[in-house]
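Quick heads-up: structures coming right below.
Each of the two complexes below includes chain A, the first together with chain B, the second together with chain C.
Now for the complex of A and B:
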């Protein structure tokens, strides 16, 4: 017991000054503003270390599982971000952050100071800002005749290693883009950690369709922080599918900065074994006439645990807001656990805001119907669960992709 | 828009103050001596004194819960509060014995004497001790015990000691610890097996001395198959500096018992009202908290039910009205600890002017239980553009055999409704008032008659000046 306790207290090397200095000297080729950002983030990381245990933003969360103590060092793989496919275009820019920093660092410097979702995972946020050595940068110009589709793979490193990715997605006014991100492990032994921080800047009238599929290997850790800044009349449809990794902390924040913005966030979790999915979201309305919608559906088997903490925040200026938030949990076993913390903070009066959270088991009549027709229990459960999350899968427009996701979910029931 | 302060109306009602000579005064501030003094004045047994001293220790160690609650709590200065005052040591028994000036106070509170004839037993708390306490003969014939906290612990320890401080342990939170150290007043009630009280028991509370905290302690035990409805109502006069009210209410419903606890609260808006209320529901019992919060500067109150017996049922119905400078931080806790337990929470809040209302909820269902059900609905109505509302439920469900649903909505009174009523000759203010009354109407119906009439009147008063 005592030994175990000591072990969890070991902080990995990369918290030390030596490690940071070494890292900084290896990155001396980077522009000065970036060196400053890394240094500042590293100092903040050290300052924020003694956080209070009673942080509401970590309520219900087994925080020790989501720390970095089980990583020995940072992965230096430069291939952990890969562009799979992209339709041709000359006006648009996309590349890995490394390449952009080499060729055209000024592009990124404009967005250096952007804040994160800030929903509790300060450690991940500062670590990523300090040590990111990969990521992507996308800037799409507002030519409406061109609809860009990009697909990107993020690869999780080997056991004991952690990768930090920092990404920028910039949509100029009236740009339209579909972005597909896959988080994968090369093989079953890729049980490291992947911490991903993404800033989305959505210009006026722009449209972003984003699909995230996380299917990393058992035993790995996933941290995903994302912040969407939506300007006037822009639309974001974000679909997230969480299937893999041993523990995940997901923070998604949509800031509706200007009138007419529309933020839609759909996600599902299919959890089994001892998987933990800690999902925190915020829909922050800062301007009038905006709408936001969130739907989070979780199916949990065996000893899986999910936490959904969502907040709708409406500032006093944001009149005529329409904001919805729904969390539905389906528990398939005795040991599965679902925690819901749906929240509202409303400071404007002319609004329509609702949230709902339900947790229950499989409809016994539906199950009986399938069983009486000779379908095995496991398949019946799989069918009903698939039907349950089809509402989310259906938001993905691409036919091939929806089938891929369905197959991934079905694999969880074998 | 005429911006008169609607609080003024409220203040006038209770804005009177009689000079009363306090026979026992523990002085200002809190220390071990004060706690010993209170205990000595009450001639308590040594176990009660030890209980108080231990609680004081816990109170000093506990931090304010400001990591989730409002920072306004930091404005409470525990050193300038009087922790104990008493008109006399023993509660008066007959109406004749009640001093004239106290009677006048009740007169102003609007408790007509003849009404009391219909009430089973009226225990009206004047400052710390019950100034008036009477039980109808038939109540005592049935074996019902209805006494103050001091009397209860001294004369019936065999009944009350078993449950005292068990539903809400001293260390539950900082304010339950404070109450455990300095409690005085309140009601201790025991209803014997099978006794069903047809009429509700009632107590009126009142804070009179400036800077005087009221720390009443209530413990209600309904034995097997017993039924009881208990009502408390509060009004307080206006004072310049903040007053602290921190009660602890414990309910125990034994097998098959039914307890209904009704609160109508109308504190003046300098009162901190930090109350811990919890019930323990045994097999097949039913506990209902019916709660109406109007007034006060800050109310933090989350009535809870621990459902520890099979088929127990818990219910919280709550109405909160937050006006300028007021924060109603209310909610409910449902802890399911046995099979087939059910709970229901319906909370409605109205924020007027710069008022802020908050709902905080907790629902827990562990995996080893079967067939537990919870339903939670919270609706918030915002009247003015500066009004604020928050909702923070926390739901934990384990296992495949439960069902939980939570729903919340925030809305304003629709312009169409107001327009419709104005078309029919109502003023805008009347139309708004009618809409608000309609919003809370289905909950108000759950209150006893005299309360629902009073409540509607109070809501009208609060609404005055907010529109038009």
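Now for the complex of A and C:
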């Protein structure tokens, strides 16, 4: 059923020149730099339409499921981003992109030229830059006495519609913030698409603790592209939990730009039915004395499929790099599939880099042990799976939130 | 009153017959020990009764309180009241002892929502104290990185928390030092009652000094070949299994 829906090819009106002209006209109030960005992105989108089928960045991916041909139009995204929790602070700025563009567009203009993770999802990147009509902007000051926590909901639109969100997170030098992003559907019929593009600029000595939870409705599509720029001695701990949507393309890139930066990227997938999670990552070391650690764990039931392609890239200047990358997959059915493509590209000669990937099926002795205590099979699988990804959940330093995540995973086993 | 009656049980593993028309009855309130050399089928008996999927039951019955366990799923057998303390407890990374035992208890409740966490932890901590298990273990992953003694204590903790009708202890003494053996045995002895039966599988008489059995059976090539009281274990310890082998050959 899901396959049929995905394969129904239509030409969305947002691919037409007329649609873009009309969109641009409706946004004529926006500053000139933004109009230029949209126009340039639109042109790049049209130029890049002829994607090579042998693009390594799409290896193992059923690309047709991750395109935009099954959307009819763009959603009015005016209420699709909501700040639902923020600690008090007078020195920091946060708001929806819409409001920032109305009140203080110069805040965003510095980021007009920023590139995306550029790990293959060119269409998503250009479409989002062309048509984004919501998102958020956060700028955190470097006052160490203020540890800001923000929680934001991104809501998926109805079936046939797609929302484009573009977000900016700026941490001034020595700023600290915890950012929680929930990607949700209001109800079971919210089966549209959500394309999300985020730039993180992490100042010197700043600390970002970011948690992403994607639990959108069955049938929906999720594209998430994010680019972290880390400056000297900054730290990012990024924890991503992927549970929902029928198909997800996730691209995460950490650029360790200056000495002493530390990028930690943890994620899990809990997949079932025919869900597809296509995850591409890059840890790009451009400066010496930086460290990065990536751990991706996927649990797949039924006919779910995951793809992990991760690259550690170390430039010749990035001596004394310490970089790790691990992907572990647990398959709970014969039909589930996990493809893994770990990669290293090292140009420096004094580095410590390790990478590894494993895929295993449910250990029958482990299962028997739990069954022998009276725990039913589905509950036993749920417990073992939760145990498998606990290493990721444990990175979330908020007890209520960790319990919420565990409950969401358990719901996948009912 | 929980009696275990095994009648003519035959079990294969990978097409090799290990138990051959094995029969045994352990009345409620009694502790029976099974001893026997390696490969005699002791662990096969325990795994087959718990319905391990690698063991094929070819025939026979195993009744607990009149309910035939053969053909039931492992979780159903457990909920029917049979507890197997493993010889080699399995490590389950990421699953804490507290959550594991909680899941097992909730699986036995008609309405799992009626579970009362405060009462549960009170009981859990009490039993951990009794078994000399540090309370910090509740948040440790099940058997993950545990010493042999810690694993066996954890098995007895599970047994105590689940309050089964009948317990099988499969070489619980292996890997235990004297102090741990005393503690584990005390835990088992505290659960002895007129209603509950025990089947203790061991190689050594030493365990039976602490858990004194009502009967001792000697197993050989998948069958009980001799039964007696505790003195039989002492005799085995001094004479070795060759003594039985020679008697059987005669």
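As a convention for this text, the second predicted complex is superposed on the first by the 404 of 414 C-alpha atoms of A that agree within 3 Å, B and C clash if a C-alpha of one lies under 4 Å from a C-alpha of the other, contacts with A are read in each partner's own complex, and residues count from 1 in each chain.
Keep this in mind: a contact is a pair of C-beta atoms (placed from the backbone, for glycine too) under 8 Å apart; a residue touches a chain by one contact, two chains touch by 3 or more.
All figures in this text were calculated on a predicted structure; none of them were measured in a lab.
Room for both chain B and chain C is found when the two structures are superposed via chain A, with no clash between them.
Of the two partner chains, chain C is the only one touched by A:387; chain B is not. Looking at the shared chain after the overlay, A:344 reaches chain B, while chain C stays out of its contact range. In the superposition on chain A, contact of A:370 is made with chain C only, not with chain B.
Touch criterion met: A:359 reaches chain B, while chain C stays clear of it. Of the two partner chains placed by superposition, only chain B is touched by A:331; chain C is not. Look at A:79: by the touch rule set out above, it reaches neither chain B nor chain C.
Between chain B and chain C, it is B that contacts the larger number of residues in chain A. With chain A as vertex, the superposed Cα centres of chain B and chain C define an angle of 80 degrees, given in steps of 10.
When the two complexes are overlaid on their common chain A, residue A:379 makes contact with chain C while staying clear of chain B.
Put simply, the nearest alpha carbons of chain B and chain C end up 15 Å apart when the two models share chain A.
Residue overlap on chain A between the chain B contacts of one complex and the chain C contacts of the other is empty. Per the touch definition, chain C reaches chain A in the complex via residues 50, 52-53, 73-75, 77-79, 84, 86, 89-95, 99-101, 103-104, 107-108, 141, 158, 162. If you check the complex, the residues on chain B that touch chain A are 67-68, 367-368, 380, 382-412.
Every residue of chain A that touches chain C in the complex is listed here, in rising order: 363-366, 368-377, 379-380, 383-384, 386-391.
On the chain A side of its complex with chain B, the touching residues are 52, 54-56, 59-60, 316, 319, 329, 331-362.
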